[in-house]
Structures are given as structure tokens and as C-alpha cells.
Amino acid sequence: MKETIINVLEEVELDQPIFIEALPGIGHVGKLAADHIIDELNATKFAELYSPSFPPQVLVDDNGIIEPMKNEFYYLKSVGKEKRDYIILIGNTQGLSPEGQYEICGMILDFVEKHGVKEIYTLGGLATGQPVEVSKVYGAATNMKLAKRLKKHGVILRSADGGIIGASGLLLGMGNLRGMEGVCLMGETPGYYIDAEAARALLNVLMELLKLEIGTEKLEERAKETRKMISKAQQMEQEMIERMTLKPGEEDLRYIG
Amino acid sequence: MKETIINVLEEVELDQPIFIEALPGIGHVGKLAADHIIDELNATKFAELYSPSFPPQVLVDDNGIIEPMKNEFYYLKSVGKEKRDYIILIGNTQGLSPEGQYEICGMILDFVEKHGVKEIYTLGGLATGQPVEVSKVYGAATNMKLAKRLKKHGVILRSADGGIIGASGLLLGMGNLRGMEGVCLMGETPGYYIDAEAARALLNVLMELLKLEIGTEKLEERAKETRKMISKAQQMEQEMIERMTLKPGEEDLRYIG
Amino acid sequence: MKETIINVLEEVELDQPIFIEALPGIGHVGKLAADHIIDELNATKFAELYSPSFPPQVLVDDNGIIEPMKNEFYYLKSVGKEKRDYIILIGNTQGLSPEGQYEICGMILDFVEKHGVKEIYTLGGLATGQPVEVSKVYGAATNMKLAKRLKKHGVILRSADGGIIGASGLLLGMGNLRGMEGVCLMGETPGYYIDAEAARALLNVLMELLKLEIGTEKLEERAKETRKMISKAQQMEQEMIERMTLKPGEEDLRYIG
Amino acid sequence: MKETIINVLEEVELDQPIFIEALPGIGHVGKLAADHIIDELNATKFAELYSPSFPPQVLVDDNGIIEPMKNEFYYLKSVGKEKRDYIILIGNTQGLSPEGQYEICGMILDFVEKHGVKEIYTLGGLATGQPVEVSKVYGAATNMKLAKRLKKHGVILRSADGGIIGASGLLLGMGNLRGMEGVCLMGETPGYYIDAEAARALLNVLMELLKLEIGTEKLEERAKETRKMISKAQQMEQEMIERMTLKPGEEDLRYIG
């Protein structure tokens, strides 16, 4: 495999779907939230992405079954008060090299653009490295109108003290160049464990923004499951990504998503 | 050289051969087992693979003769109780970069697929970092049927606490996407030395699974020879690969093959 | 995005423009000087460059608005005593990998060559790691004639104890192979903070060389603003670049621009 | 620049030239020897190689003049007792990434093969990390006949305890796959300084092997000059290459050339 590929499992027609991205990152906050949406609203997987820039390995599940590194596209049709369509991207990894990240994000944007996407929501965690009493939600947007909307819903706009690293940032930056607009939402978390509370806070804001209704009762249970399922290998990989991007003593406000 | 190439030395017709991979990894367990099969069953080399993602160096043998970094394909015709054909892949290195690993494994799969391969066995070591009394064999599979078969033969299925890094994992993961099935077998070893006992345990399981009969008497002797032949450079390279993938304090259950 | 791209915002005809480069580097000396020229002389942005070798992230400004990693081309028409045209390149990042740096600099040179550039001035800082009383200006040139001219204007020619790393060096080296000539000017700075004094010293020499007149009163104010605007992420990125190229204990005379 | 390029300065017809390579490495032993041959026998530069895998920087000489990273091809016609032609490759750098090294060495071999090269001599240093009383010469060869010839001339054949890293190894390994034969000669040096004695020992063996006569009186002087000319940047770069390939505590017998 010399190039990133997308295997389409089902051809779907979507009506200006909203694109939600939640690839692995700090505290698995984004992933937990997106997995929850997929399960609760019964989303359908319709494509898989494989890349030579993913870690050169496979994962092994509890039953000894091998699972390749991949990203997965799900869709939802006509959900929420506004009866909108959605594309949700989850996965067990991100690209490792800068060039790989750009190639993969470019492929993802080609794919969702073809399906009519004009709005992007990227989900992640913001590691504070400290105990969190009530999980706040941080955010950034591609334009002032969206930034103001975030603020109105209680999202704390990120000040100038940090960038957004990885797919959550790149998809917004590259998407904006194609005329897409979007926001990044980050649930505050101490980091380094599967954080249901941060995911709940994130989901609450997202539901308000998207006028969706999803019960969050099962989130804690899901977090426990995820803790069990997330293999040591994945944790180590995540830490590897973090080591690539974080500096000791300055870990407090970085974001990887 | 800008791309991975395979030099074919002999055109062979094979009948749905079983593909066995044993590139350098922990404790040289897989390599030792595969070298043993090649010698005992008198396999024939029929192709060599060279890649710009291999370490940019050559090895020097005991006689001062230079040997390039390469992978080598051997074949066996109509061996064992089931008179099966085999392709066996060994070598003195693996690709260094993620992109290189994916490219090389893709080339390998193209090549063996062309020869009719539908089943893959990848061999390696599992470093426990502790003294091993009786070498156990760990495994993982691409589907439940194979996983159960492994279990029946005493193989311990890997739990969710680790991935399989390098060619041994990637060939199974990428092969499965092409409709191949397979297993990874890992001989438990303290690691960091040429471990004949782990190779013997691995071979015993492999022989049962494949209904092969191969004497293992010469394994200890072969291990000694290998210890002598494995140059310091190769050891250092192996350690380099390990440093790329292992984290201090968490080395206990990782696998590289 | 698999390749570096340049988005042209305005087609301009320029008459043998002088090319000034000031991408992020030590002490933001070059950037500060170039930003100042752009503002004071009211330069017009006419193209943007994006590259998959840039860091895979976005920046977030004080208002929570996302800004992609990019380089920006400005032009000036008929300015200074000699009524010359100019192209000025600034940006918030440089390529990370060697291959990326070469690709990006090649694209930049293609672009400015097409616009008639024959002279290049690259601007940067020279970190001494020590307090600087009066900021000196160091320099290097592509030929003896230009080197002598630098000397006449008080520029200290770099002795053999250092290379010029990054775009400031590469554009001159690669440009020279295309028949362009040029100089690199480096304002002496303790490094690691936004240094208005180093930028002022640099600007003074540049104005003499180019027969430009630009007030430097607002530089200190601009430095303060820049200090505020330069996000922690950018600082960390800069430090990452520096870690890639500097060795502890030998940081005294390296240059990144 | 996206690919390695060779700029041909003069088209020359050569009669089965012997190819001598001496790119920067440990103790600058090979470089010193090759520079000496070029000067004493008055070789003519006829081509230059530039690569995006070279370090993304330029060097600055004593006069403040910028020099790009490059490799240079020289030729000699009808020299020595056997009136042989030669191609000599020197330079101020090597490729940084594995892929870059393979690409560059492939380009070099394409180029010299086109000129009729069938024999390769690669020159380097072997760092022992200890004071050297009388500099010995180590070697390796692509076949037994050449290895024996080395032994007859007092060269110590490298035992299995080390590979040959970089162009000196790769050119022999990749050249051999094209039917070229050759040897690598390494002058023993404590390393980390410009070692005229190691270069003299190396040259003496090379002159015997090639039936050349070259005075070595000026070598010490040349070493002094080189010490002065080799910029700190080059030293740092060399150390960077070494850090990429050496492990603390095992530095004793590695070779980079």
C-alpha cells in the first residue's frame, strides 16, 4: 500500500450532511462522544480508510482477533429536530508523519465534500494535567459568526496560547480553504484516562448546537467498556503521538485530536 | 533505488501455497524457526526483495564479505502429511518507516497472492523480559475459527493488552483485506538473545497446525551458529527498531516480528 | 494535500523585483522586520503557499479563530529611492522535513523566478545565547562582490563556524544554482524572545542596502503585539525546529531562519 | 527540488574507470585521502549532485560566501602504472533519511555505470574511540577474491561485529547487485578530529592496490587546512548523522562513511 485508500462499503446519497470527526486523542473524549452518538442513533458504517502513514501494526482484541489500523465513516439520515444528515468519522489511529496527516485529511475532505459536506464539527479533549471539578468545554471556529455561537452556548474560546494538533485542527484548516466552515470542541480532562465526564460535557454542547437529543446515561458504562477495550498498544501509540507533539513542562494546554 | 523491488530468481508454479513469514524480531525466535524449516526441508530460494526503506547500510560477514539488506523468498513443494506447497519469507531486516513497512508488506502480499497464497502464518517472539521456565506460545488470528484452532493446540490467545508491530502484524492485517486468513504465533522468550527453546516451542505448534514433521534436534546448534553469525550491527539495528516501538517500563508484553 | 501548492490571489506584473524572505526563526527577528516593512509600506498580499510538510496543525488566535499554517507573498511596486519592485515572503511556519524544505524552497523559487526575481535578501536572527548590548548584524552572500558590499555597510561576515539552516539558507543556495544572487542578514539576539532591537539593527542595514526609508519608531510596539500574538503553539513549534537542528552546549552561533 | 539531480559540467569519455567514493564520515579520513588524490593528481570536476535528502541548509566559508550542500564528481585519465581512468566522488554531506540514501546511491551508481565503472573503492574511517598508536586499515569486499587481495596488503578484514553504514556500504551493496565489485577501506582513527595519520595509512594501502604513486608529505598540512575549513556546522551535522546510527556504549566499532 503506497497511498491512502478509502474502501466504500455502501453508496449513499446524503443531503448536505454535517461532518463530525472524532479520531483518537487526549482522554479519548472525542472518540467516546462519537461512539456514543453512533450507537444511540444507530449510524451505519459506509466506508473505511487505510493509510501507509498509520502505525505499521495491528491491534488484537479480547478474543485474539486481529484488527487493522483504520478510520471508519458512518452516516445518519434525517436525525434531530432539524432532520439533518450526518457523516461521523471515528477510528483507532491517526497518521504519524506530517505528510501523512495532510494526505489523509485531504482524502477525508475529498470524500465528505463529494457527499455535500459544508459544516465540520471536530471533537477532542483538552488535557489540563490537573483534576477537573466540572468539565468545561473549549472551542475554536473558522469564523467569527461560529465563534460567537460557541460562546453563546458556554464554550470557552481558546485564547492564543495553543494550536490544535492533528486531524481535528487540520480538517478545519484545510476544509476552510475549500469553503467549508466549522468548529472544534474540546472537553476539558485531566487526560490519560477514558473520561466519561468530559465526553458528557462535550456531548451536551454538541446536542445544543446541532439540536440533537441523545441520552447520556450510558456514557459512564461505555467509558468503562472503552477502558477495557482500549488496548495497551493503543495507549502506547497515543502516548507516542503525544511525545511527538508535547514538551515536558508545557503539557498543560496542548490539544491532540 | 526509489521503490521496493522483487528480483525473481526462478519462476515457480505453486498450488495454493501456505505463506510463512519470519523476519527479524524479538529473540530471533521466528527467524530461527524459519531457518530451521528451510534447512531441514531443503527449501529453494526463488526471489529477493530490496527496499529503500531498509536501513541504509550493508552487513559484513565473518570473512569480510559484504551482504546487502534484503528479504528472501523460499519455496517448498508437496511437503508434510497434506503434501502442501509453501512460501517462506526470511531476511536480515525490516522496513524502518511506517510508510516503508506498508509499501514492503503490500509488495510481499502482491507477490504471494500471485502465487496463490490464501493462508498466512507469521512467526515471532514475545518478550516477557523475565526468565522463562517453559516457553509458552502466544497467538492471534484473523478470524474466530482460526483463533479457536490455535486455542485447541495450546496457543494462548493474546488479550487486548498489546498489538502486533511490524511485518508479522501488518501482513495479516493487510492480507485479511485481500481475503487471506492467517495467524501469528509468538514464542515466549526473555528476549535479547537467540532463543532456541522459544523457537522449538513455536515449531512444535506450527508442525501440529500444518501437519509437518521436522526434527528439532539441531535447533540448539543452529541457535549457537546464529548467535555467532548475527552481527553486532544487526543486533543494534534490532534494538533501534525496538526503541522505535517500545517504551521503557512497558516492554513486558510488546511484540515485534 | 499531497504536494505543496501556491494559491495566487492576484496576478501582478513586477519589474525585476527584489525578493525578501523572513519566515519564522530565532527571536522572530526577520519576521518582525518583514512585518514592519509590509505594514509601513502598505504591501499587498498576492499569493499563499500551503504544504504537507508544514506541521499538521492549525493555530488559534485571540478570538478563537482558526488559522492554517501557511506562507504568504506580498508585493510592493516602485518603492524607495530606486523605485524598485519587491516580493516579500512571510508566514507562520517552515517545512519540517529536509525533503519538505527542499520542495517548498523549490516552489518558492519557481514562483519568484517567474516574476523576474534576480536578487534575494533573507532575514533572520543569530542567537548568541548571551545578553546583547548593541545588536550587531551578521551576514553571508552568494558571491564576493555582495560580501564586500555587506562589509562596507558594517555587516560582520559569518566565518566558517556555522551554516545557515532552513529557508534563509536554502533559498540562497538553491537560488544561486538558478543564477540568482543574494545575501542573508541576521540580527544578533539573545534569542528566545521577540527582539525589537535586533529587528531595528537588521532593518537599518537593509534600508541602507536597498535605499529604502522606513520609520522604525513603531517597531517596539510591534514587538509587544507580536509577543502577544505569537501563540504558545508557535513558540513550541519553533523550539521543536530548534531541537531538530541545535545541540545542547553548541547553541551559541547557530542560525535558523 | 523534489528529486536528486546530477548537473553534468563536462561530458567525458572514460575507459572502464575505477570509482573511488569518499563522502564525509568518521574523522574525515576518507575525505582527506580523496581530497589529497584530487589535488596531487590534478583531477577535474565534471558533475555535481544535489538532493532534497541532504540537510536543508547551506554552509558559509571563511569569506562569508555561501556554499550549497552537494556531492562532486571528479575524473582522472590514464594515471598510475596501469594508466587507468578514475571517477572520484567527494562532497560536504550525505543523505539524511534511509530513503534518501538509497535514492542518492542509486543515482550515483546509474551515473558511474554509464561511464563504464565496474570496480568501486569506498574510503572511510573506523572510529575506535581510543588512542591509536599506528593506524591500521580495516576493510571488507564484495567477494572472496577481493577480500583475499585486501588481506595480502595488510588490510584487516572486518569480522561479523559491524555493518558499514551510509554511502560507503550502500554503494558496494547496491553496486554488487548490478555486477560491480569493490572494497571498502577504513582507516583506524580515534574519531572526532581530522586525522591525517589514518588518511596516510589508508592512502598507502590504496596506492598499493591501485598501483598509484602519490606523495603523502602534504597530508598533515592538508589536515590542518581541513580542520580550519570544516565548519562547526559540518561537524554538528556529522555528529547528527552519528547520533542517528550509533548507540552510547557501543560506539567502538561502528563505521560511517
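Chains here go by letter, A, B, C and D, matching the order in which they are written, and residues are numbered from 1 within each.
Quick note on the criterion: a residue touches a chain if its C-beta (ideal position, glycine included) is under 8 Å from a C-beta of that chain, and two chains touch if they have at least 3 such contacts.
On a predicted model such as this, the values are computed, not experimentally measured, just so you know.
*Asks:* What is the touch distance from subunit A to subunit D, in steps?
*Replies:* 2
*Asks:* Among the other chains, which touch subunit B and subunit D together?
*Replies:* none
*Asks:* Taking only the C-alpha atoms, how many degrees of rotation bring subunit A onto subunit B, rounded to the nearest 5?
*Replies:* Result for this pair is 90 degrees.
*Asks:* Using mean Cα positions as chain centres, tell me which chain lies farthest from subunit D.
*Replies:* Here the answer is chain A, farthest from subunit D.
*Asks:* Does the subunit A and subunit C pair touch with the same residues on each side or with different residues, judged by whether over half of the numbers are shared?
*Replies:* Mostly different residues form this interface, as fewer than half of the numbers used are common to both chains.
*Asks:* How many Å are there between the centre of subunit C and the centre of subunit D, using C-alpha atoms for each centre?
*Replies:* A distance of 36 Å separates the two centres.
*Asks:* Determine the centre-to-centre distance between subunit B and subunit C, using the mean Cα coordinates as centres, and give it in whole Å.
*Replies:* Computed value for the inter-centroid distance: 50 Å.
*Asks:* What are the residues of subunit B that contact at least two other chains?
*Replies:* none
*Asks:* Which pairs of chains touch each other?
*Replies:* Pairs flagged as touching, ordered by label: A-B, A-C, B-D, C-D.
*Asks:* Along subunit D, where are the residues that touch subunit C in the complex?
*Replies:* 1-2, 7, 50-69, 96-97, 100, 228-234, 236-237, 239-240
*Asks:* Taking the touch rule as given, give the residues of subunit B at its contact with subunit A in the complex, in rising order.
*Replies:* Listed in rising order, the residues of subunit B that touch subunit A are 95, 98-99, 101-103, 105-106, 139-144, 147, 150-151, 157-166, 169-170, 172-174, 176-177, 184, 245, 247, 250, 253-254.
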